[in-house]
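Take a look at this one; I'll ask things after.
Chain naming follows the written order as A, B, C and D, and within any one chain the residues start at number 1.
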């Protein structure tokens, strides 16, 4: 199949949205487009599995290459491996749910959906790119719509948040660009001519000094996207001001761009530097995990709670990447997928509750299970997934990270892992505190006694995400089978000194 | 003609020029700024004449330039004063500090 | 020291002194008068260099034209006797410094440069007729075209002045 | 029916019940859900008993040794080639005993709840949660893989959380459910690290492989015993951390604080989860890893023994002072689990040394019967009186005769009066303790006496003491308060369990369960039984004197040992200590610091850089002020700069 379909469908959807005449048409068009995309992603997943089963050994399949700017050796070069497919499936799920959740956006509906679709285009493009420049192009494409989504449809201190988010992410992508340029010019020595081609750079290992030079830029740059400590502060403000769907996209997709970039570009292309710097990565992620969870405990706003817990959870992604063992890397990708789905579900639940109660303050809410049982159940399930309950995706991912992380025998790495393990207790504390107050207990506000439960679109969105979470949580082997070849190749790159 | 040479004239004109510059930058009244500009123009004129006299005595280019400059200076003064008067009518002030409509 | 030298220094002193006073005097009308002296001093310098025609033009246009224009505009815009607002302190300091630096720099350049005068001597006196002929000639050293351009410029400036200065009725 | 199918069905049926009721039944047939759940549970019970029967009497024994059979196993989550989480079902004596206990008690509770929970709003939800719990517990006991046990460990934790918080609009219930979850979660974090330690050195997560590698000398065993941290070997660390998980679930001191509060849940739930099944998971876990403990890490076993005996005694003392009948039972549960723990702790591997192992499981088995009975009886009482406090009760023997008799049998059983089930199992434990460690033995004897005392304190306070007046059930309950003792659905389980509380004692348990799989014939020494039995009977008599009729003696005695009494009444202030350490110290200070740091330092830097940028741009903006003269000045300065550049630098090129 042609991978470009993954970009063409959203673009066509965007085009169709532009020509829609009213809000209803816009919504249905976007929904149709995103469902089509989900279907295509699913088909791709099965085709990929079939190919692998048939003995396909190439690292990337469905490759396509067209020259874009020949004088700088920039190509439109795309292809996927298992890791990319997992990320694409995640994106497709989150996008469908996001489109459904936004059903009653009444202000500038067309523009809202247009931006959502554009954002998803950026994400898809990023995940399938094999050319560093193309990758960067799509990364940028995913940043701009966020600024507008928060700035226009946001709530609270939205201008500040939008500005902060856009500036920090732009700063991050500036670092990424620097790193990419270092890699590009550094590749002249090893590949003969400067190139952006990921496969080519990987197969001709860059020289050590270039790696050491480029790694901090790339890792910090992508780290900003994935809310790495101490570059995480855009996340809480951004999430809390963003409209529901934007929060979902932000936490579910956008933060994953960073994680994927760290893995695919920083670690894969710069393996020697990754070894050298791994202690810094582990240190930062251990701090993020523990510190994020403690910071979460003091939050009073539901969205802040989830945003800080995202910081903590994304710490697991970086921890897994920083440990540089195969299991840990697989775990990191699983954690990305799992966290993407779970946090999207959580944000969706929070958004739906907010839409009804008009408050997100924990102390102003209470006893919602009695009034809106469906939404409350979704909230609790998302919370349980976040605290790593077996049967839901969070557990599987975290355990894989821990198991992989423990393979590093040095005391420092062990301590980081133990810190990670202990953070699941803290996670339990804040999740239960929040859900104990909001969902259970007596009803606090008497206005809340007549709330209406979820509508069809909200139910559908929740169920779609929930199914994906359960699919990973109850039968994780398909996901590991999908990811393992990819992480094995990264591992080979890392071990071949 | 004794011992006064080109250098002397140039120094006089330079001094005049920078006095004009100083005036232009410090005077807040537009009319005095205009006067400063006249000084600057005159400093140039002196240069033209001096160069013509000392370096190319058998040509007249310096003279012509001086003439043209004088003509243009007259025109400039006329236009400037017209603007100043118009400004004064509208804002009751010809202080350069007050004339900041260009900003934003 | 010959008399002509002394005369040069006197003229230069008038010019520069007038100029300095013109840009520093707190009263605008006086400032205009000092400017007048300065301009006359310049005219004197032209005389000293034997450019009588230019000197005459200088006197006629500047002294008789522009300064008068300026004085009229002063009358039109404000009382002549009152003090003007003081210049902004920090800026005048800075401007003085800049002017001084600029002067030093230029002085240095003038000192460093060697001028090479064309050796043949020209006529001691430049006749008005020669100026007139050359200005309207179309030969190599003719200035007809610039002359025409300047006349167009003057015309347009005149029209421009009228347009700008004309009182529009709508604005009251 | 093949074993693998049967053991697949055993956990799958309750799961199906959960899904069916939660997704469909809740909406479409809420009333019928209870019956549905019970029927499914009955089927599960039958299947599991049949499987156990087949194992014990037909297939399990080869050459006189019970085998570890794997009914089925599949890879669930592969980590690397050798290390993977497998899902499977193991068949060995302890798992077979456990599935019988779990399914049977669960069935009793299902039946009992039909009456007890009747008319509740969330009746269907209740049954679905029961199904979820039963599924998780069965998955736990059938685990073949240490990570599988961890998975189900968490799942029973969450179902316990859901059931404790069943009355979710009651803040105390919510707090209790949170507490239970978080405390056990903390213990589970230790468990997880323990798993990581063990799996790292053994290179497997599979129980059998792990046990084999850690009991037979080999490279793995050498590696794990030589590697160490803080002077303790990695093996001990690993096992202790795993035991920490077990201690958390089994409410061993100091991780016991959640159990008394967990009584906020509906009483049948307490009977099922917090008395008979989930809380013994810790015992089961230690038993599962018993060969490693016994052969390679005796130090660990000593720790288990001392923690067990201390918890047992500690809980018994507290139980003497509590007035909430469910809390008394909760502490009694903790005490009895302590018994099982130290029984494991004093056991050795194989032969006569393994008596403690057998005794522990024997006690687990009998305890499940009479403790469930006690809770269900207490539930019936609470159902009747609408209060948990024994001061509101008294003289109920005439009002509820069936419950009274059942409760008495249970009390006699737990007190260890000869002829009842508890006597046999306790006697075996005491013998095992006597054979190995005198300190533990004497503590155990003392605990046995205390047990008899507080149980009969409870019994007399409920059923004798003062006459019962339904004074508090006035207007709002009206006439239908005196609805008689209890419906048959509640009485039937009481009767069945009462009979079993006597009968199970006569099972020759050593024939089936022993540390090494071979039959263990324990002789019964009459002499050794004299002391504990006489102490127990003495304690019962004391309790009778104190509480049979209302009198002032107990208060006087409480007055004379005031310090101890107040301490015990306040559970020795462990709760307060925890609250202080966690809420104030760790979460309070840690959270505040983290939040402060985030707001002021991390965010501060971001905002500061933004402010600097803004101020800089403001300065630049001021230069663009629309004033000609300023522009002129910049222009002039610029020209000057260029002139300088050209004059001085240009020359050089």
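The working rule: a contact is a pair of C-beta atoms (placed from the backbone, for glycine too) under 8 Å apart; a residue touches a chain by one contact, two chains touch by 3 or more.
Keep in mind it's a predicted model, so treat the numbers as computed, not measured.
Undergrad: Which chain, with its centre taken as the mean C-alpha position, is closest to the global C-alpha centre?
TA: Given all protein C-alpha atoms shown, the central chain works out to be A.
Undergrad: Averaging only over C-alpha atoms, locate the centres of subunit B and subunit C and give their separation in whole Å.
TA: 5
Undergrad: Give, as an integer number of Å, the spacing between the C-alpha centres of subunit B and subunit A.
TA: 67
Undergrad: With chain centres taken as the means of their Cα atoms, state the distance from subunit B to subunit D in Å.
TA: That gives a centre separation of 98 Å.
Undergrad: Between subunit A and subunit C, what is the separation of their C-alpha centroids in Å?
TA: Spacing between the chain centres: roughly 72 Å.
Undergrad: If I count partner chains per residue in subunit A, which residues reach a count of at least 2?
TA: Counting only residues that touch two or more other chains, subunit A contributes none.
Undergrad: Using the touch rule from the top of the page, what residues of subunit D touch 2 or more other chains?
TA: As it turns out, subunit D has residues touching two or more other chains at 629, 633, 636.
Undergrad: Show the residues in subunit B shared as contacts by 2 or more other chains, in ascending order.
TA: In subunit B, the residues touching two or more other chains are 21, 25-26, 28, 97.
Undergrad: Can you name every chain pair that touches?
TA: Those chain pairs which touch are A-D, B-C, B-D, C-D.
Undergrad: Would you tell me which residues of subunit C are touching subunit D in their complex?
TA: Answer in residue numbers: 91, 94-95, 98, 101-102, 105, 108-109.
Undergrad: State the interface residues of subunit C toward subunit B in the complex, per the touch definition above.
TA: Where subunit C meets subunit B, its residues are 1-2, 4-5, 8, 12, 15-16, 19-20, 22-24, 28, 31-32, 35, 38-39, 42, 45-46, 49-51, 53-54, 57-58, 61-62, 65-66, 69-70, 73-74, 76-78, 84-85, 87-88, 91-92, 94-96, 98-100, 102-103, 106-107, 110-111, 115-118, 120-123, 126, 130-131, 134-135, 141, 143, 146, 150, 153-154, 157-158, 160-162, 164-165, 167, 171.
Undergrad: Within the complex, which stretch of subunit A touches subunit D?
TA: Going through subunit A, the ones touching subunit D are 164, 167-168, 229-230, 232-234, 291, 294-295, 297-299, 326-327, 367, 369-370, 384, 387-391, 395-396, 399-400, 402-404, 406-407, 409, 411, 417-418, 421-422, 424-426, 428-429, 432-433, 436, 439-443, 475-477, 480, 484.
Undergrad: Would you pull the subunit D residues touching subunit A in the complex into a rising list?
TA: Residue positions touching the partner: 75-80, 83, 85, 147, 150-152, 154-155, 158, 161, 165, 168-169, 171, 174-175, 177-178, 181-182, 185-186, 189, 192-193, 196-197, 199-200, 229, 587, 590-595, 597-598, 602-603, 605-606, 610.
Undergrad: Going by the contact rule set out above, which residues of subunit D touch subunit B in the complex?
TA: The contact residues of subunit D facing subunit B are 624-629, 632-633, 636.
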